[in-house]
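Got some structures for you, see below.
Shared between the two complexes below is subunit A, which pairs with subunit B and subunit C, respectively.
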Partner chain A sequence: MATVTLNQAEKTYPNGFKALHGIDLEIGDGEFTVLVGPSGCGKSTLLRMIAGLESISGGEIKIDDRVVNNVAPADRDIAMVFQNYALYPHMTNYGNMAYGLKNRGYSKAEIDTKVRHAASILQLDDHLDRKPQQLSGGQRQRVAMGRAIVREPKVFLFDEPLSNLDAKLRVDMRLEIKNLQQRLGITSVYVTHDQVEAMTLADRLIVMNAGIAEQIGSPIEIYEKPASLFVASFIGSPSMNFLDGKVSDDKSHVVLGDGSKIDLDHKIDGGRELVVGVRPEHFTLIADGSGAQRARVRMIESLGAETLVYLEFGDKGENVTLRMQGTHQFTKGQELALSTSADLVHLFDKDSGKRL
Partner chain B sequence: MSSQFVWFRNFKDVLSSGSWLQSAIFTAVFSFLVAFLSIAISLFLAVRADEVVRGAKSYKTLLMWGYAIAPPVAGLLGTMLFNPLMGDLYILLNSLGFEFNHIENANDATFVVTLIAVWKQVSVNFIFFLSGLQGIPKSVTEAATLDCKSAERRFWTITFPLLAPTTFFLMVINLTYAFFETFGIIDVSTKGSPGGSTATLVYKVYVDGFLGADLGGSSAQSVLLMIMVSVLTVFQFRFIERKVHY
Partner chain C sequence: MYQSKWRSITNHLILILGSLFMIAPVWIALVSSTHTREFLFQNGLQFWFGGHFLENYGAILFDSSATKGRVTALEMLFNSMVLGLGFAIGKVIISMMAAYAIVYFRFKLAVPLFWMIFATLLLPLEVRIVPSYEVVAKLGLLNTYTGLILPLIASATGTFFFRQFFRSVPDELLEAARLDGAGPLRFFIDILVPLSVTMIAAIFIIMFVVGWNQYLWPLLMTTDDQLYTIVIGIKQVYNSLYEGGQIPQFPKAFALTIMATIPPVLVVVIFQRMFVKGLVETEK
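Let's turn to the complex of A and B:
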């Protein structure tokens, strides 16, 4: 049970590259925090700084009330699950789980109880005497989690633990991790580039980009009110549609590239150019009506439960994706009339990319 | 030169001769020392070099340099360093009060050949250990730093077991090296003196056969040597490799 506090945490590599520009973050007791972002955004670096595997160039990191900047990784009372499992190949699975306890001076009996308990939680009872390479990927990742939970650490750190698993197993393990974390109530920090994992696991989501935290909030908050173009494009799949628009002189609506209008409830200066974001699921097809957005069908992907329609919009041929429930048939080049509601539209400043 | 078939006479003569037994014992001691010391020293150097961040490349290059030196040249270097008139190491050891004299003292002579042979082999082992160390996944060592605070303990419980395949391979290579390839070093430095006390079995084959013109005895020794090496290799693979995790 612990909190993790980051105070202007910075990371500069010896070659001068600044990977993190002052991150402020407070992770509450028992909270599941997910760091998400594209590769190179600094999310793994941040996690490794909390673990003590990377030095901290500036600011401080606290676990509970203790500043851990110069505390050895083994003394931070954290446990980490790595992407490639990082199991000790020469030890049995039992040995892997027991290793950390042995080095902390637990008695043989205590170790045995703890390892067997963790193994039963993770359904590994039958595999304890085997070596990691005799297990499947999913089982190995369970052993790695077992190695983390036997220690009953203050903080769990996950570094893309599901990336090496196949799609189906990933979904199962995702649920299992969520379950386990809720059951044990241990403060967790989870790094991923997969936004589905991020959305489903997080109590709190941190979207990172180029060494800064772009937005911190609950997954739904971030989905509904993305703070910037970057967050809007990163969260949600397929990605949000962005269309160039201009506010009309009377400030009552924004005019899109094809001349169609979307009503504004904001008071934004007339004539201002901005980016209009609409999620693919927030367009609806309407019977041909005036004032609707028109687009031509480019391609269709039928997924069974839903259909993704890729369209060309306006004179400039801006790309628009439309997500529809069920299966639908369209012909290439067919013209569709779309509509969206003003309260589902996101407006962003054209230069700064910030939400308006 | 006439020849006569003598059944196993040559083998009997060899096995009953004190000088062959002396050479066999020396070879065993020498091989063990060379293999053990060169593996231990190079492992230590490789672990250290692997930790170096700044100037790692030049450091590693310097440690690998010895690899390029031929055994006879290494022997020559040793001979010069231990020359009683001007050898720096000879003078140093004596000035420290060791009364070092490898020309007459068998132990001192063993020290000289062992030193040269180990020095020559360390760089080879170093290269293998360094690549072995770099073959250990970084995340495994990182996981270990979270699990175990003591670096020394981490080395013996994680790094060393994971290097076992490399160590085993080097042990085979180094024993073979000590058996056969040290010929050049011995021939240039001590020539088996004093009194054959630094003659390995291979060197003795050469001395008896080519210098002593005892072709029969020398051939018998070669056959015995081959049998010994075969047995040793089988033993290594049977009993030690089993404990090695690949």
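Let's turn to the complex of A and C:
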């Protein structure tokens, strides 16, 4: 039960590379926070700084009200689950889970109670006497979580724990982690590059890019109101469509590359150039009509439940993806008329990439 | 089918001939050591056992006059064992600790220090044997086990092998151990040493055999017969074969040689098993 506070946390590596440019963050008690971003954005560095495995170059990190900048990892009262499990291969699963407690001077009886309790939560009772390499990937990751749970830490840290698992197992484990976290109510920080994981697990999502927290908010907030072009393109799959547009002189609409119009409810200066973002699921196919966007079919992917149509839009041939429920048939080169509604359109400044 | 059958027969023939060729000298030494010296002198080397096994080996093991010194083979075997074990265990411990320091601790000059250790590989014992003798003599360690073992205990080879192995251990294990509250010593003893078992076994085998076979060093360090190792003993016995106008002691010389080979063979056989078992069981 704890809060984690980051105050202008910075990381500069000895070679001068600045991995984090001052992160401010408050993680509430029992909150499940997910750090998401492309590789190299600094999300793992940030997690490792909270863990104490990386030094902090500037600012401060607090767990509850204690500044932990110079506190050893073992004394921060945190537990971490690693991507490659990092289980001790020569110890049994029981030994793996008990090791941290043993080092902390718990009695044998206490250790036994705690380990068996954790094992029953994670359905590992039958595997305690085996060694990690006798288990499947999912079971190993459970042992790694067991090692974290037995300590009853203030904060759980997850460093891409599911990336080594196959797709189906990943979905199962995702649910399991979510369940477990809700049941135990332990403050958690979870790093992933998988946006589906991020969206489904997070109470609060932090989208990171190049050492900066681009946006912090609930997953739905971030999906509905991405703060920048980067966030808009990173969250959502397939990624959001971006089209160049220009605001008409009377400010009533924006004109796209093919001359079609989208109504504006904003008061944006006439003549201003901007980027219009529309999610693939927010286009609808309509019968030919005025104001509709027209695009030519380039490729189709049928996924069964939905169909993804890749289109060429306007004279410049901008790429547009359309997501439709069910299965559909189109021929290559066929022209489609699309429409979208003004309140589902995102407008971004062309230079800064910020939301307007 | 026909062809491959012939091929496998020829292959096996070559392998069998090769094995016989390798094993023949050992066999001849073994069976020749079970005859009387008179018989051997008259009939040359033998290819089958004679009836004097117990007699010859008993004399070698327990009667110091048979080995032409004031020490029995049993005592020499003990000395060799002390040297071999001390040498191997010492090298494993020292080189493991050195590699641990080099790989896991960031200190100034770690890299140049490692290469300095590595460069000593270029200097064999024989090059530094005179100064080493000086040092041991001045410390008053001549004719002691300590003097015999201590100056040989540092190992560049061992340090190098352990360094390579430690570098292949994933960093996450160290990090997990740090989070689990294990300090440097705990991590070394609880995690790194158990993970290195196969490495330890391999280096132990090599070093034991090297230590066992040391000749020049113990010869210089010991003037007292009581500290002779079996390798020196063999040399002594062969030296004195033709002295004194007696019939040469060939069977006993052979017996001593055979006995000198047994402990290294046992060590290899025993640790080989552990080595393979370790390879199969541990996964990093």
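The definition used in the following text is that the second predicted complex is superposed on the first by the 356 of 356 C-alpha atoms of A that agree within 3 Å, B and C clash if a C-alpha of one lies under 4 Å from a C-alpha of the other, contacts with A are read in each partner's own complex, and residues count from 1 in each chain.
Just so it is clear, a contact is a pair of C-beta atoms (placed from the backbone, for glycine too) under 8 Å apart; a residue touches a chain by one contact, two chains touch by 3 or more.
Given the structure is predicted, the values throughout are model-derived calculations rather than measurements.
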Clash or fit, subunit B versus subunit C on superposed subunit A: clash
Subunit B versus subunit C as contact partner of A:168, first or second or both or neither: neither
First (subunit B), second (subunit C), both or neither touched by A:103: both
First (subunit B), second (subunit C), both or neither touched by A:89: both
Doubly contacted residues of subunit A, that is, touched by subunit B and again by subunit C: 51-53, 72-74, 78-80, 82-84, 86-90, 99-100, 103, 147
Complex contact set, residues of subunit A against subunit C: 51-53, 72-74, 78-80, 82-84, 86-91, 99-100, 103-104, 131, 133, 147
Touching residues on subunit A, where the partner in the complex is subunit B: 51-53, 72-75, 78-80, 82-90, 99-100, 103, 147
Subunit B to subunit A touching residues, read off their complex: 137, 139-140, 142-150, 153, 157-158, 161-162, 164, 245
Residues of subunit C touching subunit A in the complex: 170, 172-173, 175-182, 186, 190-191, 194-195, 197, 281-284
